[in-house]
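Listed next: structures, encoded as structure tokens.
The two complexes that follow have chain A in common; it is paired with chain B in the first and with chain C in the second.
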Partner chain A sequence: MKPPRRFSPLARWGAGVGLVVAAWGVIAVTPDDHFADHVFVEHAHLDTAVDGRDIRITLLDFEKAQSVQDAHGWHADGTWVVATFEAEALTNEKESNLQRIELHIGDRTYTPSDRPDERTTPLGHLAVGIPATMTAAFEIDADDAAEHATLEIAYDKIGRVLDSEIDYDADLAKLRAVPSAKIADRKWSE
Partner chain B sequence: MRSGDAATDDAAKPALEQKRAPAPKWVRSAAKALPATWVTTGALVLFLGVTALFGGLAAAPPVKHHIAQLAPGKALDTGQLEVTVRRAVLIDELPGSGTVPDDGERVLVVTATMKNLTDAPVQSGVFADEQITVDGLPAQRVNGRDEVASVARVDDATLSPDIQPGLAVDVAFTWPVPADLLHADDTIDVHLSKLTWFEPKFLSDEAPFWTTPTIKAADMRLAIDDVGAGADQEAAG
Partner chain C sequence: MSEPQRVGVAERAPLSPAGRPSWLRRNVISLAVLAVLLQVAIVVIGGNEWLTAKRNLEFLPIHVASGGRVEYAQSTFGPAVLRAPTADDDLDVPSGARGVVVHFDVVPGDEALLCSVVLRETGGSRRQWDPAGLVSPCQSEPTGPYSADVPFLLPSDAKGPFVADVSVSELERKPRFLPPFIRFSVG
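After this line comes the complex of A and B, so read on.
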């Protein structure tokens, strides 16, 4: 019987090293575990509509306030960052729930205030072609009042799978500060 | 490494055996004189001896479940929140607190300040029942329903408020209690527990989070202030 064919040591070492390099290559191009969490970020500017996959946001106002008040007589002092914006869905109303509205300052994540009793919280269903005006009032730690902040608006809070996210960056130190900001009731635009 | 030359393979085996140097004489005589069990036993005794030398065989210190006895107004750091329980109040009813007493019931109120020590909002209503408990409350209400604690902001009665990072919020925990269960100047034993920081590790890319089970963290005895119908109540209505 013919002895099995042997490769030269050089060929065997070459193949071994080649496989290691190939394995490294596979690892290098494999998306990380959080791949599906990545979002397509669209940067917003004041008074300019910005479109995502199925979302259109027009940031109308972004201000700092020492006090906020709603349309029903409630008011609260504190350190507030108030974002007023129009939001509408573009193509599909089925999953157009505005679930993720966050203000990121450093490592901290703030969500819109649920005071008083969620009357002002700007969550809800967006309609196609009918912009809704809403206000997100963030009550923040006074220590964060001069930091850089990023407002993030997107649909899905949990899944956030490869969807659009509307971002707005602001330096809170340079932000216009008003003594009192109004949280208007959420309404559909005329 | 073996030679890659196929022609030498068959001859290699005996050649290798012959090449092996014979063990020194003292090794062979030692191996004969010393049974293998002695070697393993000796190694074990040596290992244990060295371990004992460094205190490895000493009794393990008891696991400390330190439960602090807190005075009212003293803060408890749970890692997630700084909780400062202030006082206990008995009142006929407290609209906006989330607890609506039935006939024959009153409302037990425990006020506290909760400060969020983390970088994300804390939903005060989730796990509220596990994080603060009062001894001696019936499991069932007068109307047969389960006893449920509510938590609300003192200033504007927001139910189960979110506590934003770095912020402190005055809240009122409330329970419906049978009207004759507690009286002025009675004391109640309040137990505070903290949540567990759960970090998924194995095959999981989930972010860590605070969850149950809770760990008992502090006990507290509060005297009850009976404010009757509560005309001068402090909590929001």
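After this line comes the complex of A and C, so read on.
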């Protein structure tokens, strides 16, 4: 009868270290606990329609302005980032209520200003197949005007999970700056 | 040195393959139990699924063919048609869209109803539209039979066929276990 085969100390240590490295690798590639409910991010480009779940966004304009004005006589100076986009739902109007439009700069989150007339608001119901054009005006801190910014558009403001999110990245330092931007009322697209 | 005794080993000879009881015979009890358990599992799981499916039938709508009417929640609904909007409907139609109006008759029962209507494509991606503007199509205090007009804005590429789903608010449904809504074929 053959004696049981012996492995050299080198082989045994090698196998041990190999297993530790493999375990580390498994930990390294394991997604975090919230992986399963992350949003599905779609990246937008100017003048190009981008689709998510039950949402289609076409970003028409993204610019900086030192002053904004609506069509009802209101105007304000400041540091503004103005996003104009078309939005429509794709299949279902039951939950097509646009509630989350945010501009993220560093740790800060800006929401569209509610200072312009309420007829301009980009928040609200989206129609299936009939795009509407709307403007979100963000009044930002002057110190943020040269930072990197991300515009995020999604339906759900509260849950923020398992749904599409339309993102647009921009370097505010290189952004087109206009002295004055008009904030049009929310209306059906032409 | 003397040889170790091998007597015990020699006496265990019946373990040889030929003398062993067959696999079937050794496992006969387990197999009988398995046969019974398999049938029990099929009956229990299948029965459970069947009960669930039966319960879910309550979530299927009543289908009403074009021009038909139906008794529902002590009222009579239908017939329902899709018509073009008139000036009275006061519908502001954007370019690239068209307006339609779902028109249906209601003969109310003793209790007033609250209802809502959605318009749905039956083909393609089965898109679904809510009424244009805030409308409450059913009358809360009807004095007799009436018709409801519900305007919708559709994109011009929506060709149909369409169905109009009329649902009555849960509180008003009597008896409780009615199908959840009426689906009218409106062409």
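Simple rule for what comes next: the second predicted complex is superposed on the first by the 148 of 190 C-alpha atoms of A that agree within 3 Å, B and C clash if a C-alpha of one lies under 4 Å from a C-alpha of the other, contacts with A are read in each partner's own complex, and residues count from 1 in each chain.
What we mean here is this: a residue touches a chain if its C-beta (ideal position, glycine included) is under 8 Å from a C-beta of that chain, and two chains touch if they have at least 3 such contacts.
Computed from a predicted model, the values in this text were never measured in an experiment.
In the superposed model, A:90 makes contact with chain C only, not with chain B.
In the overlay built on the shared chain, the residue A:129 is in contact with chain C alone; chain B does not reach it. Of the two partner chains placed by the overlay, only chain B lies in contact with A:115; chain C stays clear of it. When the two complexes are overlaid on their common chain A, residue A:76 makes contact with chain B while staying clear of chain C.
Of the two partner chains placed by superposition, A:180 touches none, neither chain B nor chain C. Of the two partner chains, chain B is the only one that A:144 touches; chain C does not reach it. Residue by residue along chain A, chain B and chain C are tallied for touches, and B comes out ahead.
Residue overlap on chain A between the chain B contacts of one complex and the chain C contacts of the other is empty. By the touch criterion stated above, chain A contacts chain C in their complex at residues 90-94, 125, 127-131, 188-190.
Touching chain A in their complex are the following residues of chain B: 1, 4, 6, 119-121, 153, 155-159, 161-162, 164-167, 205. Across the interface of their complex, chain B is touched by residues 3, 6-9, 12, 33-34, 74, 76, 106-111, 113-118, 138-141, 143-144 of chain A. Chain contact summary for the complex, chain C toward chain A: residues 94-97, 118, 125-130, 153-155, 157-158.
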